[in-house]
Structure formats: C-alpha cells, structure tokens
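A, B, C and D are the chain letters, set down in written order, and residue numbers restart from 1 in every chain.
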Amino acid sequence: MKIKEKAVVLWQEKLAEGVYSLTLETNIVDYAVPGQFISIFSNDGSKLLPRPISICEINKDYGTLRVVYRVVGAGTEEFSQLKMGDKVEVMGPLGNGFPLEGRNAIVVGGGIGVPPMLELAKQLPGKVTAVMGYRNNDLFLTEEFEKAVANLYIATDDGSVGVRGTVVDAMRENDLVADVIYACGPKPMLRAVADFALENQIKCYVSMEERMACGVGACLGCVCKSKETDEHSHVNNKRVCKDGPVFLSTEVVL
Amino acid sequence: MNTKVNIAGVEFQNPIMEASGTFGSGMEYSEFVDLNKLGAVVTKGVANVPWPGNPTPRITEVRSGMLNAIGLQNPGVEVFCERDLKFLEQYKNTKVVVNVCGHSAEEYIEVVERLADESRVDMLEINISCPNVKEGGIAFGQDPKAVEEITRLVKTRAKQPIVMKLSPNVTDIKVMAKAAEAGGADAISLINTLTGMKIDVERQNFVLANKTGGMSGPAVHPIAVRMVYECANAVSIPIIGMGGITTWEDAVEMMLAGATAVSVGTANFFNPTATLDILSGIEDYMVRKNIEDINSIIGIVK
Amino acid sequence: MNTKVNIAGVEFQNPIMEASGTFGSGMEYSEFVDLNKLGAVVTKGVANVPWPGNPTPRITEVRSGMLNAIGLQNPGVEVFCERDLKFLEQYKNTKVVVNVCGHSAEEYIEVVERLADESRVDMLEINISCPNVKEGGIAFGQDPKAVEEITRLVKTRAKQPIVMKLSPNVTDIKVMAKAAEAGGADAISLINTLTGMKIDVERQNFVLANKTGGMSGPAVHPIAVRMVYECANAVSIPIIGMGGITTWEDAVEMMLAGATAVSVGTANFFNPTATLDILSGIEDYMVRKNIEDINSIIGIVK
Amino acid sequence: MKIKEKAVVLWQEKLAEGVYSLTLETNIVDYAVPGQFISIFSNDGSKLLPRPISICEINKDYGTLRVVYRVVGAGTEEFSQLKMGDKVEVMGPLGNGFPLEGRNAIVVGGGIGVPPMLELAKQLPGKVTAVMGYRNNDLFLTEEFEKAVANLYIATDDGSVGVRGTVVDAMRENDLVADVIYACGPKPMLRAVADFALENQIKCYVSMEERMACGVGACLGCVCKSKETDEHSHVNNKRVCKDGPVFLSTEVVL
C-alpha cells in the first residue's frame, strides 16, 4: 500500500554540518519497513521530481517516520528550512526493504548511508554489529546506534574517530564475522563491502541509488544492471525504486 | 453530460489517457488510479524483441520539467502480450493503446503484425519520434517522406487503427501531420519530447549518460499547445494532444486548440492521480460552463 | 584571472551580455546595473523605420517562462542612433551590439548601412529568427538557403562584425549554423524564442492578441544548451549562447557546451541584477576551480 | 530610485470576499508617491513574472507600504497566504504616479481600482470627493475614505449600498463638479469617466492596466495606444509601467 499525502513536520534538527533529521507525521508509517524509502516533493512548482530519502526510523505508536538527509542541492536545501507544523508532500513507502535475516548481522553505513541502518538494526532479530563510516569527527546518529546494537565500530577518513580508513578497514581490523551483512553507502564502499562478503562467504544485501522519476517502477528511469536477465525487463536491468533499492550483492553489477 | 470521444471508430469513455512511457502498462499506478476510469491506457513503447535501453543516469530534472533518455527499454512484444495485455484484460471500460517502436520499418511491422489479433489492443500508437535511440525513432519523424512511407507500410499491416506520434523537433509540424495523413494515419498524437541537454558544471560533464535527453513536463506545454493548434488547422484526422499537461486547465487548453483526446505524462510522476484529477476538473468545468458534450469544445479556439 | 573573450576581433571584458529586447538599450536597467561592468549591451531590435509592434496583450506567463509577442516595436534606426547610441557613449568599457531586424534583405541592409559609421556600434546581431512578425523574421531563419543569402548580403555591407541570430524552431540547428558560416557570418547567436501558445480556458480565447508568442526563460534552457552544443561541434565561428540563463550555473553550462559568450534575457525581468550576479558567480567558480582563463572552459564538454 | 528587495510582512487581513490588505515593511516607501505601483514576486520558481499591485497607503514614519489586492489567480492566491514575519520579494516604486492638482478633486475608484485612490485622496491639497464603485454590499476601505475625504459617494451594481449603477451614475445623480478627476478601475469605467470629464470639461487622469514583464520600461510588453506619436517609441505606444500607469484621459485610447 502506497500513500501520497501531505505529511506534517513534527520536528527538524541539525545533526551535523549539512545533515538534518526530519520527523514527519504520516500514514506511510503504517506500511513502512526498514530499507524502504519515501519520495519527498518540493513546494516549488519548478522542481517537480521526487527526492528519494531512506527511512531512518519508524515509530508506529506515534505515527511518525524519521528521515536523515544531507543538503546537496536545491531540494534538500528547501527541506532543511521546514519547521514544526509545516506540511510537505510525501509518497511511500517505496521499494522492497531489507529482509530481516541472520542470527549475527553486520549493518554497514557510509556517510549518508548510515541513517537507513538504524531502523534495520533495531528490527533485526539476532545480534547486530554496526560499522559506520564518516568523513571526520562530525558524527551523527552514533548515540542512537549505541543503544540499538551490540557493537559499534566507527571508521573516519581522517582518523579523528575510530579506525582511520573505510568501513571495510574497520571490519578487517576487528575481524568481524557474521552470517549476513547489510550495507548502504557510496558505490565504491558497496563494492568493497560486497568483495569482503564474498571473500568471507557472507550473504550480503546492498541498498542502491539511482536518479528517479516515478519512484514506483513505471518509468524505467532508475535501473541498475543485474547479473541475470531479470523478470520484469528481460534485459538485465533492475528498477532500483521497485525491485530494490535492496539487492543481494551477487545479483547486481556494482 | 457526455465525455465520450471517438477516434477512428474507437470510443473512449473520456478523453483522458496517460502518455506512453510514463505509466508502464498501468500496473504500478493501479495502486493509485482505478484504470477502469481512464479513457485509455497507453503502454510503454514495445519492440519486436527486448531492448535494454540506455545506460544510467537516464533521468534528470530541469526547471518545470525533466529530461529522460530511457532509450525505449522494453521486454519485447512477446512478453508484453503475455504479461501486460493479460494484466489489462480486467479493465474492460478502458481502451488499450499500444505504443510501438522499432529501428526500421520491418521492426515496426513485426510488432504490428504480432498485435493484429490481440483483442485487448484497441489502437496502435506508432512512435516515430523518440529522440533517445540512435537509429529509427526521431530520424523517421523529422522527414515527411519517411513519415508518409512508414505510415503507409504500417497501415497496410495493422488491424487496429493507427495513430502516428510526431516529434516536436521539427521546423514545421504541419508538414509532418499532413504526411501522416497522406500515408493513411487514422489519427496523430503529439508532442513527443523536445531534445535537451544538461551539463553538470561541477563535474564538467553531461548529466545524462546519453548526453541528450527528451524534455517533458509543464515547461513544454506552450509549445505543445501551439503545435496541436497548428496541426488541427492543417489536417482533418483527430489529434491526441500531450506535452506538459498537469492540470485540468492544461487539458482543456489542448482540447480548445484542437485535440480530441489528451495524454498525461510527466505529471504522473509528481501526482500519481493526475489523470483522474484532470478528469474531474474537466467535468466540473463542463458543469460550470454548461457544456453538454465535451466534443463541442474541440478546436473551437481559432 | 582572465574573463576577457574575443569574438571576431572584438574584445569583451567578460562574456556576459544581456539578450536583445529584454533590456531596451540599457537605459531603464542602468538604475540597477552599472552598464560599464557588462561584456556588452545588446540593444532591442532596430529597423529602418519605426515599427509599431503587435496589439496587446503582448506578454503572458507560462511555467518557468513567458511568452512574448512584442512584434519588434522600435523607433527606427534614426531615433536609435540619436538617442540610444548617444546614451551608450558614456559606457566606454562595455561593447555595444546592435540587434537588427527587417522584413526583407533591403531593410536589413538599410539599417546596417546607416550604422556602418557609428563608432559606438561594435557588432551587429542580425535577427533572422523573430517568431512574432509576419513577414521576414523567422521565415528567413528556417530556410538554410535564405540564411546563407541574407548573411552574405548583410556581410558585404556591414562595417562591423556580424552575428547571425538563429531560430530554435527548426529540425536541425546545425544546418542553419553552417549556412550562416558559409554566408560569411563572424559569429552566431542562439537561441531566439520557441514559438508557443496559451489559451485562456475561461474566456475560450488566445491569451496573446497575436495568438502565438515566443517562449523564453528557464523552461527553454535545456533546449538552448543542446543547440549550442550541436552548433559548437558543427561550425568553427564563435557562438553567443542564450536561452533561459538565470543563474551562473546556467551560464557556465552554456560555455562548457561551446558558447564563447552568453546573453541573459528573461531573467532580467525577475532579477534586474541577473547579469552582474551571474558574472560574480562565474568569477567565484573560476577561483574555486582554479580556472585562470575563462576561455579554457569553452566547449570542453564533448 | 527603484529598489528590489525582500520586504517583511507586517500585517495581512481580509477586507472583503477575496480582497486582502497587505502591509509591508520596505525601503520602497522612501520614494513612493500615490498612483505608483510595486511588483510583487512569487516565491515559486515556476511563476517568474511580477504581479503589479498599486500602492494603497504610504506610511513614511513607520516605513511601511500598504497594498490591497483581489485574489484572481495563483500569484495573488499565494500572496494571500503570507503571514506576519514572512518575506516577499518586491520591486518599486514603479510608474509615474498621480500629479497632485486642483482645489476641488474627485477621486473615482471601481472595484479593485478603489485602493490606489486612498493615498491620493490623503495627499491631494484641495477638497476631495470620492466616488467608489463596488459590486455589492461587500465594501472595503470605505471607513478609511470617510476619514480622508470631504464627501464619499458609493455606487453598487446591485444597488445594495448607495446609488444603483456605476460610478458615473453616482456622479451624475449628485451633480458632482470639480476641476480635476482621478480614476482607476476597469476599462469601461475609465472610458465612461473620461467621457463624463470631457462633457463637463474637467481635466481627467486615468490609471491604466496591462500585462507586464519588466515593469521598468525595457521590454515594451505593456504598451497602450496613445493618441499622439509618443516620445519614447515614436509609434503611438505608451508604456503603462514607465510612461504610466497614470495618463491624461485625452492622451490615450481608452
């Protein structure tokens, strides 16, 4: 069940430089699972396409969704101005979400790929280890992860916190093992995590990104290459918005 | 109040369709829209065999519009018939217009012949105007001789009425419309997308992998209205008007300019119920203006 | 940091001009902009005699753009020389590009000859692409033979370098660019406006008295970038790019696509300091990207 | 001196059905005279052209301008949502304004042509009579006019208040005389007032309307026909935004 409606802004706060947390009251919450995303629409009639943003937290009791995003352009800049009580057009939940598997899971987030891991970490049934990569010591959501997971490892590009280097450096350095890995972040990170998983024969789910128009699987704008001929398109193209954004690392070309 | 319109003997319960390529075969949007309420579902372009389309990024936003370079990805006519047409079986009130693409006359004809005996197919829209594929597509649509010839070839093989979909990337759209009419087209539809480009100034590179993309959305609407108007006064076959239709006013504008029916494309992406919202807006307009029959406003602005 | 660009021997202190017809001769906007800081002032089209232009309404808004059908109202070249050129005398750092219009080759030539010895005129922009006048204008600009011929005729009489201003309402802009080059043009400028139409659904009538109008503003920018790119790869004469330039990014995009200079039109109407804002945005970009010479980014996206 | 800036909304109120009064804090006030207008810009990037709105009151002490407008489309609809403290882009003052003449003036306003007469009435040196035309008894600004003028006459289309009929009916019925008339309203009203003035040999100024783009005289979008060849265009076209909006009724074609 997908909903398009005006959500009400309950709360917005700045978490780090250019990173905002937005809590919305919306009926989408009733159907949302971790790893799904919502489309947020601009109020400006010249900016028509949705901004896809992953769900960071789902609170069914309060009927709220939380998203965390980085300001990178005009749309996210506009969202960062939203204040309590404002209304904003949203559509969702979109995409497939993460399957909740494993007794021993690692959730891996890089940069603005960190937020979708939070609700996942909370809902995963087994023991969860989180590995989060940031640019520098301008961290965000680490307190929330500390509460949600058994072990939290941090990697920073400049070494100011945790391991200097990538999330995979942190995973290797700490000899992490698991029966499933979930990852969201920039493509090079996903590639490295998928390689790590393959080496260690761990099942690995990755969350992909692509430019979107419809967000519901109709326009074929957001495809990624799949290794096998896929069922919908019959041409090795999977729709990130509908068949994903979560894929097995082995089924897509990273 | 009558909202029925008739194009080449096919009766549509109302003049609202969605535009090819923006709605799949309706499956995905059926969560938002009762397809049975639409005048027609116009499917994504379908070819004789599966087409992989272009590399990504395929989509980018521009002011009041977007560029796309999907490159006519489609699963081929076989899968289309088995899956998409079967899915559409259940929507009896809605007509089905199948958009057909190809690299050559032979490929168009292969698709048209395969569809000839499919009872769920009410009409064919022949896309000779897609700017996002190298061969075929727009090249046909920019040369009146080619338009006339391909129309004639397709028409002889088609069992359903054919609508030729015209490209706006031409000096004189009237010439193309007349060529389609001369070739025996039952109707024309316009406009397809306008070729545009976006460059990322930070990366100093094209935003789209395909370099150029087809522009659509509200930004192109005034050009589309002008072209529909010009064609309506140049040919006597019916016109399906499209290009940037977002509100009911846009749709009425197109009909006043001469379109018998209209298609809604890009608007679906930011308003999944755009088609039905537009339909109810038109109905309100008819009540308010005391318009008994929607056909009475077609092309009355001259 | 060098922002100077050179077109046909004329050195502009920077690549920012405003677009003909949107800025008068600069008088009105001189309250907002120090004209001495612009690369050039491009004047409103001027004819051999006063032209009354079209009836009103001449203007309407469309999404992310506007339609205009001014119809080249102008006081004629005599008044222009006495008043406008005299006014521009005081801005020594800024070049003056005079936009020339006519109904026939003879009329263009009359203007060009009258301007030949005016020292304040640095360059001529020959408008063969205005969609808002019945004869001449766009008709020239849509036929490559006519483009080449009028270019050749004007070139033989002009003392200043000539820029041929091309219409985007064509199937293949490269053909027109090559025709201008073949005729001896020193440069080309593009795009003029795209022909559009708006209908008032309540009054069931055209919004503009002229029925159609030329579309400009951000909505047309992606089409303009594509056309500039195509021309840059088709001819070797310099290009002045325009069409929807509103931000410095738009201007840089146009230069990366191949424009040596850019003109800002419709943006002046909602941001009177658009030209200078764009200039300072470009300077910041150059600093940030370590670009020593603006010429080094022209046409580098291929 | 023209200014383009973000003005601050000090106050907005609804005066009648669809008619709003907006008070703005703006530096434009320093240069404004009655009969001039300002351009108000939408915050929506798809609506780019200015909405020209006449100045209704000028308060130099408080640094505020008041405008009164009717909601007729998307732009004015957007303005009607503005709240105290909001910012809105404005440009002005634009146009020439009314010359302040006569010992005995009549100011005539019809519908949304009423507001610009208020500041004029206040600033006129002599005795002022106001004649205001409305559709029905949903009047606006009448209290302000009562305070500002010696005599106030009202005409309504439906006769619910004052004279049934037009402002000219009210003028004839009350045998109004004056040495100058100022009028703003729909074209047929201006035409009738101009005829009345001609008959009675009274000097008459009218404020004209036309679609605008630049608002400053550069684009030639907003011309009206002038009886004589005009100085700027040399082709009997006067620019409403720059040469007007106020013209002698005898110099333009009504």
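Just so we're on the same page, contacts are C-beta pairs under 8 Å (C-beta built on N, C-alpha and C of every residue); 3 or more make two chains touch, one makes a residue touch a chain.
Per UniProt, the chains are A, D = Dihydroorotate dehydrogenase B (NAD(+)), electron transfer subunit; B, C = Dihydroorotate dehydrogenase.
Quick caveat, the model's predicted, so the values are computed rather than measured.
S.K.: Which chains contact both chain B and chain C?
M.R.: A chain counts here if it touches both chain B and chain C, which gives A, D.
S.K.: What are the chains that chain A and chain B both touch?
M.R.: Touching chain A as well as chain B, we find C, D.
S.K.: Comparing B-D against C-D, which pair counts more contacting C-beta pairs?
M.R.: Comparing C-D with B-D, the pair joined by more C-beta contacts is C-D.
S.K.: Where the CA atoms of chain A average out and where those of chain D average out, how many Å apart are those spots?
M.R.: 55
S.K.: Per the centroid of Cα atoms for each chain, what is the distance between chain C and chain D, given in Å?
M.R.: 35
S.K.: So what's the Cα centroid distance for chain A and chain C, whole Å?
M.R.: Distance between chain centres: 47 Å.
S.K.: In chain B, what residues contact two or more other chains?
M.R.: Within chain B, the residues that touch at least two other chains are 63-65, 218.
S.K.: If you look at chain A, which of its residues touch at least two other chains?
M.R.: As it turns out, chain A has residues touching two or more other chains at 45-47.
S.K.: Would you pull the chain D residues touching chain B in the complex into a rising list?
M.R.: Residues 45-46 of chain D touch chain B in their complex.
S.K.: Which part of chain B faces chain A closely enough to touch in the complex?
M.R.: Residues 21-24, 27-29, 31-32, 44, 50-53, 56-61, 63-66, 68, 70, 73-76, 79, 217-218, 266, 268-273 of chain B touch chain A in their complex.
S.K.: Would you mind writing out the residues of chain B in touch with chain D in their complex?
M.R.: Interface residues on chain B, with respect to chain D: 63-64, 218.
S.K.: Show which residues of chain A lie in contact with chain B when the two form their complex.
M.R.: Going by the criterion above, the answer is residues 1-2, 4, 41, 45-50, 91, 210-224, 232-237, 242.
S.K.: So in the complex, which bits of chain D are touching chain A?
M.R.: Residue positions touching the partner: 43-47.
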